[in-house]
Amino acid sequence: MDLNLVIALGIQIIYGIANLTLISLGLAIIFGMMRVINLAHGEFIMLGGYTVVISTNAGVNIWISMLIVAPVVVGVIGVLVERLLIRWLYGRMIDTLLATWGLSLLLIGLVTSIFGASTATTISPPLGVVSIGDYTSSAYELLLIGITVALCLIIFLTLKLTRLGLIARGTMQNEEMASALGVSTPRIYMLTFGFGAAISGFAGGLLAPVTGVLPTIGVAYIAKSFITVISGGAVILAGTVSASAVLGGVNGIVSFLTGPTIGEVALLFAAILLLRLMPRGITGRFFRKGL
Amino acid sequence: MTFNKNRRRFLAGASIALAAPAIIGRVQAATDDIKFVSILDQSGGLDIYGKPMVDTTKLAIEEINADGGLLGRQIDLKVYDPQSSIQLYTQFATQAAAGDKADVVHAGITSASREAIRPTLARFQTLYFYNVLYEGGVCDFNCFCTGSTPAQTVEKLVPYTMNKWGKKVYVVAADYNYGQITAQWVQKYVSDNGGEVVETEFFPLDVTNFGTTIKKIQAAKPDMVMSALVGGAHVSFYRQYAAAGMNQSVPIASTTFGIGNEHKLISGEEGDGMICAYSYFEEIESEANASFTSRFKDSMGDDAPALNELAARSYEAAYLWAEAVKQAGSIDRMQVIEVLRTGLSIDGPSGTVAIEPKTNHALQNVYLAELKDQSFNIVESYEAQPPTDTLLVCDLVGNPNQSTFYFQNGLEAAGIEIQ
Amino acid sequence: MNKGEIVLETRNLSMHFGGVRAVDSVNFTIWENELRCLIGPNGAGKSTFFKCLTGQIRPTSGDIVIRNLQVAGHQSHEISSLGVGIKTQVPNVFDGLSTEENIWLSARRWHNTAHANRLTTQTLDRLDLGGIREKTVGRLAHGERQWVELGMVVVTEPWLVLLDEPTAGMTYEETLRTADLIKTMNETATLIVVEHDMQFIRMISKTVTLFHEGKILMEDTLENISSNPVAREIYLGQRSNKLEQ
Amino acid sequence: MTIFRDMRATFTIAVIGILFMVLAPTVLELFAIINLTTAIALAMLALSLALVWGYGGILCFGQTAFFGVGAYAYTVAAINSGDAATAILIAVVVAIIFASVLGYFMFYGRVSDVYLAVITLTVSLILFSLIRRTSGPEYKIGDALLGGFNGVTAPPLNLPWDRAYFLFPEHVFYVAMAFLIIAYVFTAWLVRTKFGRVVISIKENELRAELLGYDIRLYKLLIFMIGAAIAGLGGVLFCNGVGRVTPDVFNLYNSALTIIWVIVGGRGTLIGPVLGAFGIFYLTSALGTQSTINNNLILGIILIIFVLAIPKGLVPTVRDWMIERKDRRIQRVRERRIRTRRTRSSTQNAEGAGE
């Protein structure tokens, strides 16, 4: 293997990790703070993609669509969902499984009914190509890595500096503490759910130019992000990033060596082993006091 | 087969049960209508394929009914939506055959769904049409497979593109039976034509990140990529391939791209230059096709999806069946099958489609087309192509009493040499 | 004084969390039929020590010997199965079940159904829980839940009892009754009680072990400890008046 | 024994089940009977999760893994041995062994809660990925080819003493219904035994159960294995109902669906999830007959309305309602009695005064 291939592959694996982080963070925020397993997470990502496609086709600048419109629109949808559905289910977190599964089906059905089973997504990655020797990577992929890092930084600062973040940290350290202190006001829950949804929508928007945008595309994300978040454990950022690094790394390397299916299976096996060794996720053992 | 005796006993039992609807007390709908049942996914992950198929089926039945129906009777079209679940396919096939007493069932998208319902329809002696392109190999007296098979499409596509682009081929395919077997056909035709498959990779249906593979393709430096990727998530491949600039250097040929209208999903610059092979393209220039597409657009309005082989063949298959009923002068299953197997043909939007009696498959035109600005330009056409793949293993003329899927376990298991 | 047989002993028992030595080389011994209270300020390591004894956490190093049996690192149920009754700090009861079912489940671990039924009834009478027999434990008051848990310990007729803050959240009345119960239990069993409440300790205690910074600082009668200047120093601030009570 | 008193409701339901089993084939059409077999198989899966999750507190997100393993094991064994009875036995044993290995791995590693959910789901997804690849001729167990994504045709049930005699669909329905009733009565009995009560206590409070001296890992493992056995048996019935087993059974949709049945029917009951499975089965089937409105949309709306309107699940809600009604009736009777007594005493007084 020549050096260029190693570099190109290294970038690819980092991209894979960033990708996994990106699709998982929204779920991690909602799970980490509210202990709600949002089965409609994949559909939030899907909605982000649709938002970008529709607004870009309507003439909005693609960067504005991706960086602003998608998270805002999906964030608002998240707040609506919280107000109309999730808030009736506090204290009954298992029932949110049923509710969000229903929501997931509803969103798929709704989008299919409105936009059809397949949608023209004529938006392209708005950047060129980067060459490493004989190998070429999409510059957009490199940008995505950068944006993911920036996103992690934003979430870090939000957790570190805001009141929402303070409560989040409390909840992560001790599930019962926050509710015992009475700080988990409905408003905080609403904001959290909206914030998580916005991050998912943001991810979906960013991925729209490099994946298919279809009503049923959420299914491709939900299992992987669910597994990543839980493997990471209760600590939102450190958990998701470390789990993405482990799982994405394993997936990337094994995929290259043996092929994608075994790569996927290796990712799943890695998650099982990880949870067996660390029964409360990575952050159950490491970075416990992290963010 | 040890099953035969028992099957007969089972059939006897089933027909006794069928013969006694009086016990049920429910009077069968006494209408005189001919029952045409369509079981195709209208929701769930496969709806990108199923929806256009149902749309054109509806169009065909409406037209036939408007034309006075068949044998003086109207056709009652019943559509079931199995919601992309195999279990629901079986349920609805049972309901169609034993409950609705359907005169014909047009159903199935994946081979898995076809294999799930084929035995049920055979058991209840219900005529079955499968109108999707697939890996070939079904040999069933009761089942008519009208879609194109690899010997019709891959066999034309491979030499054409190898000639144009070069002999080193990289194969990417969906990781299930269809992809695996199609990859074997590609392998066979590539080596038959003196080329070389440098690598074959299979992808689970929910993979959306193809970065590693694109690097591997760059490392392997093939002359072309042959794709048998399937489903919504796999559309990502073409976009990421283009994003890495690869569509400029290593072109893609495919026998699956476009069948879920993927060419409308991605942008012009991402898809330009791809070459695909089907027995129908919306862009075919013929009077029949022009009339078909305009009738379809009239009936669907602005929401009309792009037309592809699945959609066109569903339409044509409905007409094939109707023609057979007309000629037989009856809806009796055996009589209709006999007429179909005389080599019955119709002229549809894709050209002439005829039944090949040894295999119950279709003799059909095959077109190669290059993608440009989300439209296909037909570059090559071949008339009346026989399903030579299935012909290698199947002879329903010699032995009509068959109900086997020969390629279930790949080509070598069916005795076909790949290299 | 003839102290009898050693019931439980730890040798160099340590528990480290990262760099924190919550329990640091503790040598602790308790003799048959003794009633020992463990005290110490918050973070002194007594609760961690208790968790090591009950198998809820695995100590970093050192030995725990119960009746000549090395049990360090054993699972809780294995320790309990030796005939050790354990009550944790937060009431650990089956919230969804009734008082009777809670106690029955404890009794049934050791006896057949008929005997378990009999013991359950006896214990309900003995602890005066008849009035809440059918009630769901999750809906009971905190003190009552503590009593249900005590009942689950009592019904097994243990010979060694480990209690972590048994009177937390109890009224004065209930605390008095608990003290009586503990004394009665002490007639047939050895007890280790982790406690904060000096008043309560005064009611029951003979010897007291004072924990400080993961170590045993001293072991004496409560009177002697309360009058010791070093001990007072440790309990400075809010705790100091507690010691004097 | 109080067991009969305790299980009166169970036996009532079992009798209703038997009546249904006997009457259904005379009332319903053949296709309905055939499709019912599939529904019964799914109900069996729901029952197994009702036990493992509702009573054992083990949130198993991959209960379909045992269902699918059972179905595959049956199919492979039946193709090889030609005897359905042996094949059923093998299927159940294989499911149990599989659960014992996975359960040992999880419970003795102290994995629980949502982390356990993810492990079980992941196992199911791994099976989905791997079995999908088995289309080649090299994936052959004895005479049985696994067939990849397309799956394998499952040999129908036959008689142990006459293997050449294959059961008719009605008979398969009888067998399936009988299995379901037996499994239901068995699980209802099981949760009332000492073992069952300990399992429930573990769900209530793991630490307490452990401090009482119960080896919770062992109890969890055992209930997990029993659940797997029932799920495996469900798998056997499923491939008999559908006539085929495909890797689809292992996918995310089906894993989630199983959880949904239990929530809809009501956790902490056994009959609830069974009814939940039947209900959703009929709902999706009924929806499939229309294609005007997207089916995901309708199903999604129904589920959301359900969770908002009937939060406790079907059976607990009905039960509570009935108890409340009964209480109210008792209350009313009591009030009436008091009233009559009062009137009577006042009349008596009046009479007395009159005397």
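Going in written order, the chains are labelled A, B, C and D, and every chain counts its residues from 1.
Operating definition for what follows: a residue touches a chain if its C-beta (ideal position, glycine included) is under 8 Å from a C-beta of that chain, and two chains touch if they have at least 3 such contacts.
Keep in mind it's a predicted model, so treat the numbers as computed, not measured.
When every chain is reduced to the mean of its CA atoms, the largest separation from chain B belongs to C. More C-beta pairs touch across one of B-D and C-D than the other; that pair is B-D. Separating the centre of chain B from that of chain D, both taken as means of CA atoms, is a distance of 37 Å. Per-chain CA centroids place chain A at a distance of 46 Å from chain C. Separation between the centroids of chain C and chain D, computed from CA atoms only, is 42 Å.
Centroids of chain B and chain C (each the mean of its C-alpha atoms) stand 73 Å apart.
Under the contact definition stated at the top, the residues of chain D that touch 2 or more other chains are 129, 132-133, 253, 294-296. Within chain B, residues 43-44, 175, 202, 204 each touch two or more of the remaining chains. In this structure, the chains touch in the following pairs: A-B, A-D, B-D, C-D. By the touch criterion stated above, chain D contacts chain B in their complex at residues 26-32, 34-35, 38, 82, 129, 132-133, 135-137, 145, 147-151, 153, 156, 158, 164-166, 168-170, 238, 241-244, 246, 248, 253, 284-285, 287-291, 294-296. Interface of chain A with chain D (complex): residues 37, 39, 85, 88-89, 92, 94-95, 97-99, 101-110, 112-113, 219, 222-223, 226-227, 230-231, 261, 264-265, 268-269, 271-272, 275-277, 279-281.
Note for the complex: chain B touches chain D at residues 2, 5-6, 9-10, 13-14, 17-18, 21, 23-26, 42-44, 54, 78-83, 85-88, 90-92, 94-95, 97-99, 110-112, 115-116, 119-120, 175-178, 180-181, 202, 204, 405, 408-410, 412-413.
Only residues 54, 56, 75-78, 80-81, 86-88, 92-97, 101, 104-106, 108-110, 113, 149, 152, 156 of chain C touch chain D when the two sit together in their complex. Residue ranges on chain D touching chain C, taken from their complex, read 194, 197-198, 200-201, 203-205, 207-216.
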